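The two complexes that follow have subunit A in common; it is paired with subunit B in the first and with subunit C in the second.
And then the complex of A and B:
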């Protein structure tokens, strides 16, 4: 532990990512080409954007398990509206409005009704998916209609040879970094995550901040959804039931944002995303079976949580009863 | 009495307001809301689906319930210990595929398949348990990850074996019995699940292991501090959970005999919804097999009925999500507000009209004087709250102490004292039995005996349960004073069944007949309630005839006499109906009369408030307890009366310096010894003109 004690988890993970990159570069032909590297970053940029959203919530000592479901349903609805003849901007605005409204309900349930975040968002994820499937559309997969074509630039366009999703990932990272670093709300959010009682006594508007963090997370989620839809020209709502949200948590925890809140920042998400990107890319090149990839991912996530617990042990004296 | 006051009297006599608070204080009240939801669900879908109650439909549902409830029980066991196990769904799928693979591909005998399947589930549980229990990872994320890993393993097994599983015919009768057999007309899976539910109920309610689990869930830190092996307990709950989930998968496998990629997907959310809907608390410490069973039936009926009604999977998911949200919201708010609600409605005043108080001046026998001014003080500052004092034949003084001891002050000068016995509770009334042992009422514990050899023995701590009482009144909460009949029967008062020792003054706000007098018969070893509905019965003293005793009802300000033998057997006669204060202990005087302590004096304001129950109710609800109008228990006096109820004399301390508060007094060899429940001293007053050789034990049991 002495060695780990001097290094932060972020540094360990970064080192691991570099080691893996070197290892793959030496052993796998075609890994260390500019094309593959751009592909690597591009393939994980959606994961990274979602990771930023999740990271923000986790820093505020919450968790948002409805992130992926909400992203899928709200973007799918926007696509459906656009296909139904709405102008693109209105369809997108309605989709975003739906996304923000659900984020607000999430925040309200957590901040005011005081339901544990894990359950509120878990139940909300199931409810949103059901709501979308029952009231909004009947198909699993919604394809982009012609009047939504301009969106494709977000997913398939490129500038100076760099794909658009990478720019978006970078933009989301930058804005979130500035938000956390320079705005009062961002600092309050960190304070709330670090110690809610203290933040409340100090006078921070704790409950509105919690609502805000879930609204921001649903906003970023919507952006990620747009990129997803633009990349493949469709939105598969079945992703809501997949394990993708766990991959997002993996990125966040792996990067070193402690689940007990208040610690970490955007940089941790980037580092976590890179490691996962390298790993997935390498495993794909090595042609490892999908289910085995899942096992490897799970074991790595488990290891990340174990290391997180060892580095940031839960304080039994201040841990809340029922904080599971 | 005005019409409105008569109405008020009958309204409070006929409407049992206090029952609301008592029901809310019950542990089973937690199950009331889930049970109502269950009935609502049955009613709704029973009317919406035509053949809902047909035998085939119920039988089919019951078989599925047997499998599903095992998952919910598994989750409940973990939740009670303060954790959560999301991997039950995957473990269920693992149990399914392992059982199928072993019976078809490997061709194992049935018993080996069952053991191996359960062991596989237990192994998954062990991994969870080691990580969450011993490494103290966060339960939610850890089991989420094991969910993913186990699911991936199941997928790999599926790839490898699904073809050969589908292609093999299973020739094993016990295998089919699991999935299709009946025991006494009940599907086998239901039998398994009911037996396990009963077992879990017994373990949690009756066994040390179960209590450990509940303790860890209730407060992990406290459980650790009292020496419970917290980590091992938590680990064990996950092992049990994994084993039960795999068992459920085994039953499922034998019923359907097929393995698919979607087996058990989303099962954890359904099970979680069921567990929470049944009332199992998310933070742990609150949960039971009954709650799990209620929740599992509700969710299964909902999910199944929606499918039968032809609703799409989207609506199903929407409904489950909303129900989970609603259930958790109710759970959280209920936990947070139940004690607030309880504290608001528990105090339930009733109408009480006291007779006019006699004056305490002029020619009244209660006229204030200063006869207690010359009291000598014994043990000043060395004793805390001697409610009762008593002297033995050797003149030693025994007195209760707030620290849970009976203290003995040694004759002749009472400068030295020692702990006579440590009883562990607050000693109240005391009396010497014929054999010289000391019988004592201990608040919160019951009736105890301290022998001459200083051994503390319990005589009784429970009486018969009355049928119509919501509160469990079999347990003695506040045994107050006692006396012993010539034949050895012990009569003792229990002041109130609604309040504990530390909040006894609150009972005054109610002024209802919450107390009773109980008889303990040492010859038969029985304890029976002999008189009920008494308003804070307190002091008890045997009359000289050996057939009756006097007892004081504190908040009713009266002294009555109860005949337990002789021609008047069973009758109660009021001896003094209108005292100016609140009577406490009664004891014999040397000339055949009786000493009575008044713990405090009545005030016109409280007397008036007792006739206004609505006012007291509002007071109890709206303002803090330390601002309530309480009975005055600070200044009292000593009264001597005879068998007819005539007041002979009254002893006051006008300055309130030596003995402001009096709860007990004993005459002994020409002296009066005085105790008070909030005093730090024992008083001793020389009596003029009393028999200087009279002692209490001799009066009761004759000269030694």
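And then the complex of A and C:
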């Protein structure tokens, strides 16, 4: 065990992804081709973008359970406005404005009213979905109207043979990485996540930083929503009720961003996303039944967490704080 | 004298009848017909409101029943089977005259529907059947539909007709009646045609994004794929996007309630062919069955009627301006 003692969860998960890739490459003809690998990354790029948003919030010792609902409702509303004759830019601006406003309310509830993030965002997710379905539109799948067609390039276009969602995933990763690494707010965010009291004593603007982190998460969520809508020319608001938000949390935690905050970065999200991508792609090629796929996915994820617990036992800090 | 008396009588009768015709005769069934609907309540429990099928049925039932004085109520469980079961349970104690139910799967509501009939409520099932048969079922014959789809795929993809013989299926939810019965029909046909190879059979949870990811991988692995059949047009916009991005010529055979979006999809090449079970037609079938129950007043559960909806295979070529229907404001 000692030899592996210094491996982090990120490295373990990356190792698992590489092992699976090698396994699939040897056994599945057509797995290790450029086209399939591009397709693999494209299929999880939306999950990855949402993972970056969630990862950022988790690093700040929060969680955003309203992420998927907000993404679905704000983008669906923008599509509805565009279909109703608003110019595309105005429809998008209103959708984005709605998304940011909700993010701000989330942050305010958590930072100033001091409601635990898990409850504030859980309630917010349900509230937004209900609000959207009742006041904004009546159908649960909204199609892209003709004047919104320019958006399609975001989801279905490609440049130098690489699909557009991959570029967007990469761009979101890069910007978030730069934000966390080089801006004062980014460093404050990590400090707040690591230890809120210490950050406050050292003079970091703790509450505004918390509000900011939820606004950034809703901004990135809106981008993910646009990619979703663009790639299938419609927005399915039912995803708000699906288990997608847990898949997103899974990607984050699997990649090694601890739920106790302050640890990890964008790279962890990328690694978690890749493992899920390799798994899904391989299982689809093997034509494994959907329900069996869920079992295999669950077992592999559990295995990753068990290995991590064995190799990296809980230290005193996590034992005291708990994981969430 | 006799002929004269007859003539006078005849003339009098003729005058009387003429007077009656001038005033109009009351239709003897009219009163009873309208009385049959007074104070009746019909409750509707779909899997969720907010999509073309369930909104279309609600619209059709409302238009047919409300002018007769029937109260029409909607209980929307919003994709939550537990909430749906609760809605039916509370309806059993509220005792409406009819429950119209759209089953999320073949098992969940079966016992509740039996209880409702025992409590004296007529139960009408629409489109997705429960394992328990009730007074009326209105919907597609999914086994037959599966057979027809299977035969259509054989026709399009058989190597005899120049196809590669490779097909893929994208189901919705594996336990939904629409999936279970259709697979039986499709499998029956495929068993007779060994030249057709089913390379992928996956479920996408009625979600376009999942359908797209599955289709993209399948096309990637089988570049000579001939056709994909999906079980719902709303979900298959995702399948269509994957086909379009691959640049391959894959035949997409989908199905749905014949909403305008299906015709638009055929027009702009999103779908190659759509199997349509006409939703306004199904709503009229349900309304008529309910009208008949109210007039004949049989014991609930004593007669089981099945009304299979006629299917239409729409393509860009046989589609006409009135082939699809739309919701108000669509």
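Going forward, the second predicted complex is superposed on the first by the 292 of 324 C-alpha atoms of A that agree within 3 Å, B and C clash if a C-alpha of one lies under 4 Å from a C-alpha of the other, contacts with A are read in each partner's own complex, and residues count from 1 in each chain.
Simple rule for what comes next: contacts are C-beta pairs under 8 Å (C-beta built on N, C-alpha and C of every residue); 3 or more make two chains touch, one makes a residue touch a chain.
Just so you know, these numbers come straight off a predicted model, no measurement behind them.
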First, second, both or neither for A:88, with subunit B first and subunit C second: neither
Touching partner for A:241 - first (subunit B), second (subunit C), both, neither: both
First (subunit B), second (subunit C), both or neither touched by A:30: second
Comparing the two partners subunit B and subunit C, which touches a greater set of residues in subunit A: B
Partner chain(s) touched by A:116 [first = subunit B, second = subunit C, both, neither]: first
Subunit B versus subunit C as contact partner of A:139, first or second or both or neither: second
Partner chain in contact with A:284 - subunit B first, subunit C second, else both or neither: second
Set intersection of subunit A contacts, subunit C complex versus subunit B complex: 133, 138, 241, 289, 291
Subunit A residues within the subunit C interface of the complex: 30, 35-36, 39, 42-43, 46, 133, 138-141, 143, 155-156, 158, 163, 228, 231-234, 236, 238-239, 241-242, 280-281, 284-285, 287, 289-291
For the subunit C and subunit A complex, residues of the former touching the latter: 48, 50-52, 55, 78-80, 174, 199-203, 205-209, 211-214, 216-218, 220-221, 234, 237-238, 241, 244-245, 261, 327
Subunit A residues touching subunit B - in the complex, by the definition given at the top: 109, 113-116, 118-120, 122-134, 138, 241, 243, 246, 249, 253, 259, 289, 291-292, 294-295, 297-299, 301-302, 305-306, 309, 313-314, 316-317, 321-324
Touch list for subunit B against partner subunit A, complex: 82-84, 131, 135-142, 144-146, 148-149, 151-153, 155-156, 159, 219-221, 224, 265-266, 269, 272-273, 276, 281-285, 312-322, 324-325, 328-329, 332-333, 336
